[in-house]
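Per-chain residue numbering starts at 1, and chain names A, B and C are given in the order in which the chains are listed.
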Amino acid sequence: MTRTTAVLIALFAMIAAACVAFGAYFAYATLLNANRAAVEARFAITAQRIGATAELASGLGIALPAQQTLPDLLRREARIDTAIRAIDVADERGHVLFSSDPDRAGRDEPAHPADSVSRVMENDLEARIGRVIVHYDPVILAAGAEALAADLRFIAIPTLAAAALATIAVGLLLAASLRRSLRRAADPGSWPEPARAALASVDAAHAAVLKRDASPAGGRP
Amino acid sequence: MRRPMLDRRSLLSLGVGAGASLALPRGLSADTGKTYKILMLTFRGETDVERGFRDLLDTAGLKTEIISRDARRDIANLPSMIADLATLKPDLIYTWGTPLTLGVAGPFDSTDPKFIRDIPVVFALVAAPVQARIAPSFAAPGRNVTGAVHVVPTDVQMKAMQSFMDFSTVGILYSTSEQNSDVIVREVKAFCDGMGAKVLARPFKNDASGRPTAEGVEDMVAQLRADKADWLYLLPDTFLGTIYDRVTPAALAAGLPTFGAAELAIREGGALVGLVSRYYSVGQLAGTKAVEILARGTPASKIPIETLKRFSLIINMRIAKSLGIYPPIAMLNYAELVTG
Amino acid sequence: MIGIGLRGGISAAIIVILCAALGMIAWGAQRAAVRTIVPTIVAKAESVGRSAAALVETAVEAGIPMEKLAGVPAYFEDLRSQNSELSEIRLTQGGTVLFQSGEREQPDWPQVRVPVAVEDGPSLGDIVIFIDPSIISEQVAAVLVDVAFIGVVALLIALELVALVVGARGVSVLAGVEARVRDLARGRLVRHEGADGDRLIAPIDRQLNALASRHAFARDEAERRGDARALATLDAVAAKTGLGSVHSVGNQAAAVVRPALFLFMLAEELTRPFLPRYVQSIAPASLPISPDVAISLPIVAFMAAVALCQLPFAALSERIGRRGGFMLGAGLAACGYVLSGLTGSYFVFLGARVLSAVGYALVFVSAQGHVVDRSAPSERAEGLAVFVRAIMVAALCGPPIGGVIGDRLGGNIAFLFSGGLAALALVLAGLSLPASQRRGGAHGLGLTDLKAAIQAPRLAALLFGCAFPAKFILAALCFYLIPVELQREGFSSAAVGRLQMIYPVIMVLGVPLFAALADRWSARAGFVAAGGTLAGAGALLVAFGTSPVILALVLALLGIGQAMSIAPQSALVADSARHVPGGHSAGVLGLFRLVERSGNAVGPAAAGFLLGSVGFVTSMMTVGGLVVFGAAAFILSGRVPARRDRGSPAAPEEASVP
């Protein structure tokens, strides 16, 4: 039983620790998402501004590839915010038509490039004509992630240890109490009150039957 | 009261009937190898409409041979333009405007054999195809004709006007002889009733032969202003279109802002602001109909007639400055500013 | 302390400890959010300021004098309504404020200043924005609600693990020890089996065994003498103290299967939040079906396969044994998940999902069969309640975890994760479930069974008016329409997962409550009808908008409606079953399952079709309307009032699993 108890307490301590670790990690993931959303909201405003301009021009009959004023606009917008790496305008197939970074023009962008915010542009027929993609510097996300991780680690590791230790402590206390009760249970004289009462009633009943018979058998085992 | 703030998207999609998605169907851009012959009939030479039409066919990857013929602003030229149909054998006929469309396809309930019923016709720039009896309804033309309508629904125009500057009275000048104007006046009244505004609709004077004349329009405009009109709405009235040069200067002199229903009213006619369908986009919309007929084989009778989903706001800054009435700043996000 | 025992005590302690620990984590999360996310929100205000400045510049370039700008306060107000943390925006020129919207309450609130200047020209003025720190705190608090949700999930999982450990065979010695101590503390002198020879237990067992033999001897004596009074006294004392009897271990069938079932269900639930987006990413553009149908097809195929396998697998799992059935099913499903995660082909993915579905159906049928086989009728409801609980907790924990895994590591990794969980469930089932007993005589349902079943009183109305629509709306809304719509609105998988949790939370809380009420008031039919109406009417709420709050309300009403109807529904079916002549009651239950699960399968298909053709709001209204209509049909069919007999309690027997 001692071994079983030890294993049990260890398992429970592990569950407590794992559960705290799980909670901390998922809290981290949640905060990370919130941080990303807040960061991206900022770049979405830029994407919106550029997209509206390009849609206006396309309504005037200037097809997206022919909007030669866009590169200037993209460069200007990209310069304003140092966290922006590049702003692309891609056609509906993801082919980059213009970019604040001249090297990027002519590339093909995936549907959901990492570390970017997109806004779809439509023409007056509400058909997609392309996307504005604001690529931001992942460093600002990474810096946020690092700060969040550090802050959470600072709390989580001591908490995790404390939870495990507290579980072990409670387990040991309970085990000691169980052991004590067991030891007492070995001797009917130290049984808990209800058990002693039951035993007394049984003894009385047995005594009544066996005494009448005056048989030598019986008595207390 | 806070003026309703509308962004371009919500403003421009108000009141527009829901139609089938206009995005190019997937797989359409595949090269089918066939070259389609399109007879393009224009009324006053090729415009932005035709540019949009051609661009869309190109984008869709359709190989086309377009034979362009122009009526040189005279409908009497039409018979000669389609005299050789039997030998030309076009896959599709494109028509510009109501007279050409009606001349080619005729009213839907006519049995006159001179009208073409076996070649699909796609029109652009027809203002009221149902009233003109080109088709019995927008949703289901039920015959070999479909196309793109360029007028902006009246209530959408009224909302744009309201967004620019709220009003309690709107003035209108119209010709009693034009059935279309009559309908629009009623639509304006219905909208204004809904928002508790007043409509001052004044007909032009008619001459002896019953035709409208420009006589005394300056006084009429001044009187509208005296009667506390906040806006003068320049509806798409054919006669009104010919006398912008007399109406808008009078409005400017009276300090009355003008809202034009036709693009020309703002660009050249001296109106302050207007909500219009871009000709290029109307051409594109007609183009999608042509693609659907040619590449997908959908009969024209089953393709709904549509208006655009979004319209364009044009503001004449020269007029704005003269009037001292400037657009709300948010409108600058989506308006085109002209200085004509 | 003794009363609870070591296992119970430590279980209770771990809850308290974890609540405190998770509270600490939440506090840490709050601190971290304030330090990192708050500056990010402030940076956004700068971006808004630049946007406003750019617009003013456009106006000035168009020739509008700064002081004559129109609609500036309205524009600022609009910006403020879109970014609630902005308390005041003003346009200043020199020292004067030209236009202003809102008013800050404290002069020292953080501010952002962006200059307005036409290109290469002098500064014309400034856009000044003041930020309300209390709103930022609110935004941080919203994030912390998410963190708290995660805490609840962590706690639930810990409880499942605790249950796993406590139920494990390895700690049965401890269970014996605790049982002995507990019995003594209650004054029960019963004998216990097992744990022979343990050093600590042996003395107790010796005492009790000796007492028992002495009792037997005394009884023999009394009997020999024919002393009826003494016999009666002895028996009375024995009955009071439990002397002579052997401690019986309660029914463990459900407890034994629970951990493995939980892990297995968790595997499937993980996939919910990211599945639509994942399918979208692998669906090729050249499919001859609309993108919406392409997304819903794997979900439909899964549901359909589960539905179709219900009847045949009932017999199959009996033939190969419950343990074997569970393990085979878990293995198949694991293969399906792994294949789903590895393949890039849409059609292979579709096949993999069907494979997982077949495994899922087999596991479900086997686990349920195990509980039913190994419990007496009186214990069955309770056993099935444990079974339902495992599934519901999985439904609760799976989506948020799956959402985070999907967001952080990608859908394919999340599928591999599911595969791992299913494999773990397989191992656990192999270790914990008792060896299979094969049965020869098992046979599937015949057509006659079904024919008899459909003629049972009022059953058709119940099946097609309530059972089918209930699963139909659940699958259509909760698993398809709402996740797809939320993703379209730009919410992350994790956020979608948390919203999807609303339904199982309400179910876990509501099912026992409504089951008890329906029984007490003898109003099962009423609860079924009211539940259906409520669930359907909830979907109509989208007429007022599609904000996450309204969608959450839709899910909440769906949960309440389903919680009201699900248990009374199965009780009514059981009632009907008893009225079927010729012992075809199995047919009724089988038919119920089949119809119910067809609803699961048809739901997403119909939803996908509707979404593609009429849009989100109309789809929701249509589905909701159909369900209300079904409930109405059921009410109208009830000219015969609901039976007042209480033959089968409305216990949550019918697991609400897709």
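Heads up, the rule we're going with is that contacts are C-beta pairs under 8 Å (C-beta built on N, C-alpha and C of every residue); 3 or more make two chains touch, one makes a residue touch a chain.
Just so it is clear, the model here is predicted, and its values are computed rather than measured.
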{"item": "Identifier of the chain whose CA centre is least distant from the whole-structure CA centre", "value": "C"}
{"item": "Chain pair with the higher count of C-beta pairs in contact (A-C, B-C)", "value": "A-C"}
{"item": "Cα-centroid distance, subunit B relative to subunit C, in whole angstrom", "value": "55"}
{"item": "Centroid distance [mean C-alpha coordinates] between subunit C and subunit A, Å", "value": "18"}
{"item": "Contacts with two or more other chains, residues of subunit B listed in rising order", "value": "333"}
{"item": "Residue numbers on subunit A that touch subunit B, as the complex places them", "value": "52, 55-56, 59-61, 63, 122-128"}
{"item": "Footprint of subunit B on subunit C - complex, ascending", "value": "55-56, 58-59, 62-64, 68-72, 74-75, 77-78, 285-286"}
{"item": "Residue ranges of subunit B in contact with subunit A within the complex", "value": "8, 13, 21-24, 48, 51-52, 55, 277-281, 284-285, 288, 308-312, 333-334, 336"}
{"item": "Residues of subunit A touching subunit C in the complex", "value": "1, 4-5, 7-9, 11-12, 15-16, 18-20, 22-24, 26-31, 33-35, 37-39, 41-43, 45-46, 48-49, 80-81, 111, 144, 147-148, 151-152, 154-156, 159-160, 162-163, 166-167, 170-171, 174-175, 177-179, 181-183, 185-188, 191-192, 194-195, 197-199, 201-202, 205-206, 208-210, 212-213, 215, 217-218, 221"}
{"item": "Subunit B to subunit C touching residues, read off their complex", "value": "2-3, 5, 26-27, 317, 320-321, 324-333, 337"}
